[in-house]
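Below are two complexes that have subunit A in common, paired first with subunit B and then with subunit C.
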Partner chain A sequence: MPSVTIDGRKYEFEGHPRLLQFCLDHGIEVPHFCYHPSMSVPANCRQCLVDIGAPVRSRATGELERTEDGEPVIRYFPKLQTSCSHTLADGQVVHTSRSSDKVARAQQDNLELMLINHPLDCPICDQAGMCPLQIQAYKYGPEGSRFEFRKTHKPKKVKLGPHVVLDAERCINCTRCTRFTDEISRSHQLTIIDRGVKNYPLTPPGLVFDDPYSMNVIDLCPVGALTSADFRFQARIWEMSSTPSIITASAKGSNCYYWVRDNLILRVTPRPNPEVNDFWLPDEDRLAYRCFNEDRPGGPEIREDGARQGATWEAACARAAELLSAAGLRSVFLASALATVEDNYLLMALARMTGGTVAGYLPHIAPGHGDGWLRTDERAPNGEGCRRLGLGPADVDALNEQIAKGEYDVLYVLEDDPVAAGLSELGAVSVILHYHNTTNRTLSLADVALPAATAAETIGTFVNVDGRAQRVVPAKAIRGAHRTLMMHMGLSRADRHGTPFDRWHNESHLINCKPSWELLPAVAGAMGHRMDYPGPRQIMDEVSSTVPAFGGATHKAMGLAGVKLPEV
Partner chain B sequence: MAAKAGNWQSYKRVLLPPVRDLHRLSVYGDYGALRKALARYSPKEVTEIVKASGLKGRGGAGFPTGLKWSFMPPVDPDVPRFLCCNGDESEPGTYKDRQLMEFNPHQIFEGILISNYAISAKACYLYIRGEFADWITLMEEELDKAYAANFVGENIMGSGFSADIILHKGAGAYICGEETSLMESLEGKRAYPRIKPPFPAQSGIWGYPTTINNADTLACVPPIIAHGAEWFAAIGAPDHPGPLLYGISGHVNRPGVYEYPSGMLITDLLEVAHGMRADKKLKAVVPGGASVPVLRADMIDGVTMDANSLRAAGSMLGTAGLLFLDEDTDMVSFLRRVTRFYHHESCGQCTPCRDGTGWMENLVTRIDEGQGNTRDLDLLLDLCDQMEGRTVCALADAAAWPVRNTIKRFRADFEAKCRKAIWATETKAA
Partner chain C sequence: MADFIKNPVVALPDRDPAPHFSEEELIFTAEEKVRIARWVAQYPTPDGAVMWTLWLAQEKFGFLPPEVLRLVAAELGIPYAQVYGVATFYTQYFKEKKGRYVLDVCTCFSCQFTGGYDVLHYLEKKLGVHAGETTPDGCFTIQEVECLGACGSAPMLQVSNGPYVYCLTPAKIDALLDALKAGRMPGFTSVTLPQDEDEMGGNRRTDADASISYSTMPIAEQTR
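On to the complex of A and B.
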């Protein structure tokens, strides 16, 4: 197998890897800015310079030339090479800054040049704290600067489009953003304008950067030049914790991080997963986080004398149990494509216990919305999970008719909004509603309103359109259930950037809600049935062993990357 | 020391012939060299002849032209291949291609067609500097004439060989003259130089095999075919033979483009230009366009205009655009203008060039304005180290060489303009 020596250590490789990627894959840090594994390699930041030598072959025989000790003779390239653009060949010798002063000096020089026209406004920059320029300048850069002149001034606030704001002075012209629009999203909406030290990315005249994937350039930007119009100046990086989870605004289940401060989600960034979303997230998925913060319920309510009034959890569950017991077989249950597999499974179990009917789930389909990539026609995260549990889309018209005919006494709704879906004839039934937001239009008709934890607050499984089961974990705490216990203690500090100053577990903005996997057993218990599960992990263990369509989908197996479910 | 140019006083011009010959369609008997090449030689033979002639690129790097052609991959009928003619002349102090376009456009066309034939390319993109608007119009008109006479186009002169020439107006930047960024520009993209490898012969215009030559280089090809490789190889300096267009400018009495054999003594060229203006003394010579190292007057004795001699003297042939500077020249001001140019023209792709050229200009300007310190000179030299050889293209090198060598060779001039003490006595440290 061909091999290469990097900093005196030998590594074997296969195929034709690029040196920088090879180094990164093997834990050898080489500073870089413009290189991105998904895009073309322009080698323009010149930060990843290394010293490369190749063994000398005799022209006559083609044999390796050797020294007296039998070691191959190595001839070094006359100039330092950019490791991002260099394709490895057998026998080459590489020196990074760790084993070559020349390379260390070159990288230091490059950072000095990069910083002379960079505003260094880190104290007010959104990127500070996780800024590749900041980190690498501290690590590889010079102690100070010898630049004694006025820096180049460029526009500080350019609204490129609805979601992206440019601070041109911070830009280091790595062209990641323009390459993204050229090569990945193919909207070609960004280009570099002007020349030399004055250049920065901008939309061509008359164009607005309204690419549905525009916000990816914010994550790609290795400095704070491209900022989110939504998140700009909202929080410092170290004030937030980031929790790896998935997007629940579409059926793609793109992997993401939820960034939380004071129990409020402040932004959503993509989490790389080559099986789902690679490095990217559509803008709509990033901006859907508001439903986790706003219009949230104040606690359980029950209808007394025609008006909803606050109640304890016990009282609310007891009232739900009372209504269900009275209805007996005349109850109908609506599953939900917005709820986890575990919650839907428990709902089906509750329906079996009471002898009620499960009418399926309410479909959330927006025809034509999908783009064949990360945006989908289905606008709910778990339609596929419901189908794999044997649930079908609910026939709203038939249900309307049945309810109008008085076939049911109780409608039990799991985390959805049947009124918004067209279920209008609810006057004759008692409604038990698990809901996320007070904007839920069924709420005004509910007899028992049980605030349910959202995907950002619970633990559970969603199955995306491609049949991939993925787990959500609580990104923020709620009043009704202990986040740390939900995470099985050991996982309680999954935040990558946790510091003693982060704001995980304080009392601000705690929503009084409970995950449905606690509410449903509570209702069942109040009816005298036993539904004993310590948590979603055990529920999913049962689902994966009893439902063939979920074979192998235990929480442990899903981990952070998810598992592909068997074809059905 | 004798000039390698030989008996240059009686030299007969072949690139810019005397005016009385100019109004014919081609000074070589109506594309006679093309006719000869098509009728008598195979493409490989043409390449061999050019190789044997020793013709070297006239664009600045001086790469052997025939060798460059032989880098083209074998002909694959499914893969287009191109010739590209670089007429984006913008090196300061260089204006030879413009003269060629003005006075002898058909020789460029003829050279292009012969080269097209040699590398079996069906098309040539002729990229002309956008600022040469009048010359582009002229070239367009002359090209139409050549098309009308069937010297270009389908089945040229009944030979069965077809080739097109496509004129392209440049995008108005110095960097467009760099071969790979020229191709980007030609493709309608931003003129950022490409990383090499792959070289143009593997992946050039639109990613197809491409050979790119300077307009002046291609204009040398018809005489080589017409008169033979030996004739050409015998002109001027043996290691860099052929006619050269010396673009003489600066403080001389008769600046202009002069065609003479390569290997002319710099002192002879000064004589050709009728000596220094107002009989001033010569102070410095920039022998090959703004980016090559400047030579002090005492360094040019016996130095001839060919690559080896100039390298030994500490400079380069470049584009053979000579700039003569007289004794009154302020070398700091001169360098300030040069650094201003490179700062203005850096494309901004690579960090060292983008930020380094501006910093250099800042420093030289400060010295020129009397506010500089002697330590700035060392910083400038350090900056040269930080830029040279660390970028995609050679613009950073081109910007660093004049700074390094002007400071090195005229350090006293620079120090004289610096402040006398690093810390001015009146500004006591607080």
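On to the complex of A and C.
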């Protein structure tokens, strides 16, 4: 097998890997800015320079020339090479900055050059703290600058489009953003304009950067030149925790990080997963986080004398149990494409216990919305999960008719909004509602309103349109210590920000809600039925072993990357 | 350039300028389309022909406002942003309306040493506008440019991205301006080398309208 020696250590390789990617794959750090594994390699930042040598072959015989010790003679390239664009060949010898002063000096000088016209406004820059330029300038850069003249100043606040703001003087012209619009999203809306010290990326006159994937350039930008109009100046990186989770605004289940400070989600960034979203997220998914922060309920409520009034969790669950017991077989349950597999599974179990009917889930379909990539027609995260549990889309018209005819006494709604879905004839039934937001239009009709934890606060499984089961973990805390949630939060957030165990922990913005996998057993318990699960992990263990469509989908197997479910 | 060094601030281009040309004006004729198609055929991808086509558009429209760039992009079938990037990279593509004649005065090292700034200041004074500006009658634009590669016959200037005028003196500038006002572009002048004087009548080029021989350069005012 061909091999290459990097910094004195031998590595074997197959095929034709590029040197920089090979180094990154083997944990060898090589500083770089413009290289991105998903895009073309322009080699224009010149930061990944290395010294490369190749064994010398005799022209006459084609044999390797050897020294007196029998070692192959190595002839080095006359100049340093960019490792990003170099394809490895057998026997080559590579020196990074760790083993070559020449490389270290070249990288240092390159950073000095890059920083000449960089404003160094890190104290007010959104990127500070996770900025490749900042990190690499500290690690590989010079102590100071020899440039003692006035820096070039460029436009500081240019709105490129609805979601992206440009700070031109921070730009190092790596062209990642323009390559993204040219090669990945193909909107061709950005270009590098002008030349020399004056250049920076911009949209041509009359064009707005309204690409539905525009915000990906913010993550791609290795400096703070492209910033989010939504998140700009909201928080410093080190004040937030990031939790690996998935997007719940679409059926694609793109992998993401939720960035949280003081129990408020402040931004959403993509988490690479080659099986789902690669490195990208649509703008709409990033901006859908407000539902986790805003219009959240104050606590459980029950209807007394015609008006909803605050109640304890026990009283609310007892009232729900009372209504269900009284209704007996005349109860109807609505599952939800917005709720996890575990919660829907427990709802079905509750329906079996009471003898009620499960009417399916409310479909959230916006025809024509999808683009065949990361945006989908289905605007709910778990439609596929419901279908795999044997639930179909609810027939709203038929249900309206049945309720109008008085066939049911109780409607039990799991984390959805039937009124908004067109279920208008709810006057005759008692409504038990698990809900996320106070904007839920069914809330005003609810007899028992149970605030449910959202995907950012609960643990559970969602199945995306392609049949991939993925897990969400709590990104923010809810009111009241919950052992399972707290444990998962500690596990999922390496930094432990926001948990009671660290100094950033803060009691503000805690929502008085409970995950449905805790509420449904509580209602069942109040009715005298046993629904005994320590947590969603055990529920999912049961689902994966009893429902063939979920074969293998345990929490452990899903991990952070998810698991592909069997075809059904 | 000098202003940029004293005050290095890059201005944001007008992001939504009013169009200069109407829809009816913004067309390539059938004959121009044939020429463009021939350029496109020379390259593996159509974007190879972008510089030729921009040059054609500049000759046709005088300058390259965004609507002309869009026309070029549409004709070549390449992104408008890419055309804009190319057009802004090269200084000889005019993004704003210029005078009928653009006088690019070289003030790079050799010309500066032999009086490039003297030429520039003489022109500024004579035409009453500063470098980068256009005379009120729309006849001349003066620009200060970097090296045009004619150091051997400095100081020099270029007229409208076209012919060079070498070994400038005030009298020569006056004559040039008068000729341009009368609508006569200077022809292509070949500068001969001393060693060629004896043979070929000093002119190596058969296509040159005129030739001048090498002479010792003047020395700039400020260095005298």
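To be clear about the criterion, the second predicted complex is superposed on the first by the 544 of 568 C-alpha atoms of A that agree within 3 Å, B and C clash if a C-alpha of one lies under 4 Å from a C-alpha of the other, contacts with A are read in each partner's own complex, and residues count from 1 in each chain.
Just so we're on the same page, a residue touches a chain if its C-beta (ideal position, glycine included) is under 8 Å from a C-beta of that chain, and two chains touch if they have at least 3 such contacts.
Computed from a prediction, not measured in an experiment: that's the story for all the values here.
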Subunit A as common anchor, with subunit B and subunit C clashing or fitting: clash
First, second, both or neither for A:Leu399, with subunit B first and subunit C second: neither
Touched partner set for A:Val358, first subunit B, second subunit C, both or neither: neither
First (subunit B), second (subunit C), both or neither touched by A:Ile192: both
First, second, both or neither for A:Ala335, with subunit B first and subunit C second: neither
First, second, both or neither for A:Ala106, with subunit B first and subunit C second: first
First (subunit B), second (subunit C), both or neither touched by A:His153: second
First, second, both or neither for A:Gly206, with subunit B first and subunit C second: second
Clash-bearing segment of subunit C relative to subunit B, given 7-15, 25-33, 43-51 or 133-141: 43-51
Subunit C-contacting residues of subunit A that also contact subunit B: 152, 191-192, 194-195, 197-199
Interface residues, subunit C side, partner subunit A - complex: 8-17, 66, 69, 79-85, 88-90
Subunit C-facing residues of subunit A, complex: 150-155, 158, 168, 178, 181-182, 188-195, 197-200, 202-207
Complex contacts: residues of subunit A adjacent to subunit B: 41-47, 49, 78-80, 82, 85, 106, 109-110, 112-114, 116-117, 146-147, 149, 152, 172-173, 175, 191-192, 194-199
Subunit B to subunit A touching residues, read off their complex: 173, 175, 190, 192, 195, 343-352, 354-359, 362, 366, 379, 385-386, 389-392
